[in-house]
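Listed after this line are the structures, all set down as C-alpha cells.
Consider the two complexes below, in which chain A is the common component and chain B and chain C are the respective partners.
Our next item is the complex of A and B:
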C-alpha cells in the first residue's frame, strides 16, 4: 500500500499537505497526531470517501483513482463513530454486510459464524446490538469490516471512549484477527500506549504533514533519547501541546462517540 | 502486499453485473425492512395523523357540504388525500434517517463496500416506499372502521401499491436531495416542516383543484402530490374521468429525475 503526494484543502485550511508513505504487507501501521492533524482526512482519502485534491493511493496493486471498486473489494473500514445498527442483532449486522460485499450464500454463513467466534460474540449473536457493551460493539464493527477478508483494514480511533479493560480486549481481538487473516492494518489513534502495543511502525502527523515515521526505536534514536517514553516521542514530534486545532465539531463528535460506546 | 491472503475468487457471488446491482439495491431495502420489523413504533404513530384528519376534519367539513365532491361523500373524497399526505410525510422525513446514519458512521461504512452510489440511492428510495406501503393496511382499517365507502378490490389494491411505491420513491428522492444540500438533521427537520404544509394545501388532497383560485390551480398542477392524490382517488373512488396513466407517468418521470439529481448530490451527504 502506497500513498503518494496526497493533499487536501478545506477552504483556508490545508488539512493534508503533500504526504507520502508506504505500508508493508501484513504490518500494523499507526497514524498518530493531535486533534485536527489530518489523520481522519488522510484515511478518508485512502478509502475514497473523500476525493483528494492531489496525489494517488495504491492499495493491493490497484490505483484508487482508476479502480475504486477493486480497492473497495480489498479493504475494510471501521469509522470512528458507531457503524452498526442498534436495532438489528449482531448476526443481522454481519449478514447485511456479507450481502453488500457480494459473498456467496454458503460462504457468507460460514464466514459470519467464523468471525462471530473469533470476536467472541457467538453467544450473543441473536441479541439486538443495543444490548451490547461498548467493547462488544467495537468488536462487532471490526468483524463487519473483515467479512470479505480484506487485504487492508482501516481503523479510525478504534478504542476511543472505551474503558481500559474493553480496550485491552479490542487490542487482543484485533491482533488475533490480523495474524489469523494476515491482514495489513492501518489505524489512527491518539492513545500512545495503543500505538506501542499494536503498531510495528508509526507515523506522527502534525498540521497536515508527517513529522516523523519509523519504529518506536527509530523515533527514539532520532530524538537522541533512548529512554524516551511514548508521550515524550509524541510531544517531541507533534510540537507543543497548545497546537489545538480540533474545534467544537471535533469535541462534540468524539464525546458523542464516547457516550454511544460507553 | 506479498504475503497477504487474497479472497479466493469462488467466495464471491458470480452473478452478472445487473443481477449484482439488483441484489445490492435489495440488500439496502432488506436492512430497512428488518429494522422496521424490530421496531414498528414509527409506522404506527404515522397512522394516528390520518385518523385524526378523517375523524375530526373530515366529519366536520363533511357536515357543511360546502365542498363540491361530486357523487361521493366528503369523507370518501378526503380519504385518498389524507392517505397521500401520510405517504408524503413519511417519505419527506426519510432524509433525516440517512443523515442519522451518516452522523453515526454507518453510511460511510456502507459506502466503503463495493456498492455503487446509485444502487444505494435507489435502495434508500425503495425503503421509504416500503414504509409507505405499511400505511395501506392502516388506511384499509381506518376506512372500514369509519365506514368510508372506498373500493378495495384486488385490482385497486394492486394499483394503489404501485402508486404508493412511485409516490414514496419520488418524495424520498426529494428528501434525500434536500438532505444533501442541508447536511444537518436540524436544518433538514426545519425545511421538512416548511415544505410539507404548502405541498399538502396546494394539492388536491383536501379540496378539488376546480375550486382553487387560478394562481393556486397552477401550483397544484405542478405539485407532484396532486398526481399522487389523483391516482389514489381514481383507484379508490372510480371517478368518472380517470387520469391514472397521466398520474403514473408524471410520478415515474419525477422519480427518474430524482434518481439523477441524487446521484449527483450524494457525495455531498458523506462529508459534512
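Our next item is the complex of A and C:
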C-alpha cells in the first residue's frame, strides 16, 4: 500500500497535509495521533469514502483514482462507529456481507463458520447482535470485514469504548486473523499500548502531518531515549495539547460508539 | 444482479425483524385505516363523487399509503444507515455498483409500499366492499411505489440530520397527501393550483388508480410516472457515486 502526497482541507483547516508513507505486505501498520490529528480523514481517503484534494493511494497494485472497484474488492473496513445491524443475528450479518461480495453459497457458508470459530462467536451466531457485548460486536465487525479475504484490512479506532479485557480479546483475535489470512492491516488508534501491541511500524500524526514514522525502537532512537515509554513517544511527537483539534463531532462519535458497545 | 439482490435481501431481513414492533406497524397501517374509517363513515354519504365517495376515498388512501411507506422505507434506511450507523458506508464500499445498491434499496421500498397498500385495500374491501383495482390502477400503484422509493433514496443521501427529513415531510409529502386528489377530487380546486398539482407524482398515481381501463391518457400518465421514478433513481445513483464524507 502506498500513499503519496495526500492532502485534504476542510474550510480553513488543513486536515491532512501532504502525507506520504508505505505499508508493506503482511504488515500491521498503525496511525497514531491525538484527536483531530487527521487519522480518520486519512483512512477515509484511502478507502474512497472521502475525496482527497491532492495525492494518490495505491492498494494491492491498484491506483484508487483509476481502479476504485478493484480496490474495493481488495479491502475490508471496520469503521469506528458500529457497522453491523443489531436486529440481525451474527450469522445473518455475515451472510449479507458474503452475498454483497459475491461469495457462492457453499464457499460463503464455509467461510462464515470458519470466521465465527476464529473470532469465538460460533456459539452465539444465531443470537441478535444487540445482545452481544461490546467486544463481541467488534469481533463480529472484524470477521465481517474479512469474509471476502481482503488483501488489506482498515480499522478505524477498533477498540474505542471497550474495557481492557475486551480490548485484549480483540487484539488477540485480530492477530490470529491477520496471521491466519496473511493480511496487511492498517489501523488508527490513540491508544499507545494498542499500537505497541499490534503494530510493526507506527506513523504518529499531528495536525495533519506525519510527525514520526518507524518501529517503536526507531522512534525511541529518534527521541534519543532508548528506554522511552509509548506515552513518552506520543507526547514527544504529538503532545501539543494547546493545538489539539477534533471538535464536537469527534467527541460525539466516540461517545456514541462507547455507549453502544456498552 | 447479485449485488441488487444482496442489498434487497438485507433490507427485507431488517424489515422482517421490525414487523413485530407495535410502533412500526402502527405508523404503517393504522393511520391510513383511521383516515379511511373517519372520512369514509363521517363524510361518505354527504360527498357526491362519481362512483361513490367511499371507493374514491379508499383508492386515494391506498395511493398515499403506498407513497408514504415506499418513501419512508428508503429515506430512513439510507439516512439512518449513513448518519447514525456505518452500515451504509460498508455497503457502498463493497464492489456492488451504485445502480444495484440503489435498485436493491428501491425494490425494498416498493415492496413495503405495495404490501401495506395491499393491506389497506384488504381493509377497504372487507369494510366497504371497494371493488377490485384495474390493470391501470395496479400499474399506477407500482410506478408510484417505484417513484417515491427512488425519491427516498435521493433524500436520504442529501439530508444532514433528522430535522431535515421533517422538512421534506412537511413541505413536500404532506401537501401532496392533502392536495393531490387523495381525499377529494382535484376539480374542486382553483384552476391555477390544479395545473401545478396535476404534474406531481401522487396526482398522476391517483388518476391512474381511478381508471377502470387503459386509455391513451393512462398510458401517458404511466410513462410520466415511470420517467419521474427513473429521474429520482438517477439522482440517487449519482449521489451514491459521488458520496463523500
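Everything below uses one rule, namely that the second predicted complex is superposed on the first by the 261 of 262 C-alpha atoms of A that agree within 3 Å, B and C clash if a C-alpha of one lies under 4 Å from a C-alpha of the other, contacts with A are read in each partner's own complex, and residues count from 1 in each chain.
What we mean here is this: contacts are C-beta pairs under 8 Å (C-beta built on N, C-alpha and C of every residue); 3 or more make two chains touch, one makes a residue touch a chain.
Keep in mind that this is a model prediction, so the values were computed, not measured.
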| item | value |
| --- | --- |
| Three-chain arrangement built on chain A, chain B and chain C clash or fit | clash |
| Partner chain(s) touched by A:183 [first = chain B, second = chain C, both, neither] | first |
| First, second, both or neither for A:26, with chain B first and chain C second | first |
| Touched partner set for A:60, first chain B, second chain C, both or neither | first |
| First (chain B), second (chain C), both or neither touched by A:117 | neither |
| Between chain B and chain C, more extensive residue contact with chain A | B |
| Residues of chain A that lie at the interface with chain B and also at the interface with chain C | 44, 47-51, 69, 72-73, 75, 77, 79-85, 87-88, 92, 96-97, 99-102, 128, 144-145 |
| Chain A - residues contacting chain C, complex | 44, 47-51, 69, 72-73, 75, 77, 79-85, 87-88, 92, 96-97, 99-102, 128, 144-145, 256 |
| Complex contact set, residues of chain B against chain A | 1-7, 10-15, 20, 23-24, 27, 30-31, 34-35, 38-39, 103-106, 108-116, 267, 270-272 |
| Residues of chain C touching chain A in the complex | 2-3, 5-7, 9-10, 13-14, 17-18, 84-87, 89-97, 243-245 |
| In the complex, chain A residues that touch chain B | 1, 25-26, 44, 47-51, 60-61, 69, 72-73, 75-85, 87-88, 92, 96-97, 99-105, 107, 128, 141, 144-145, 148-149, 151-152, 181-184, 249, 260 |
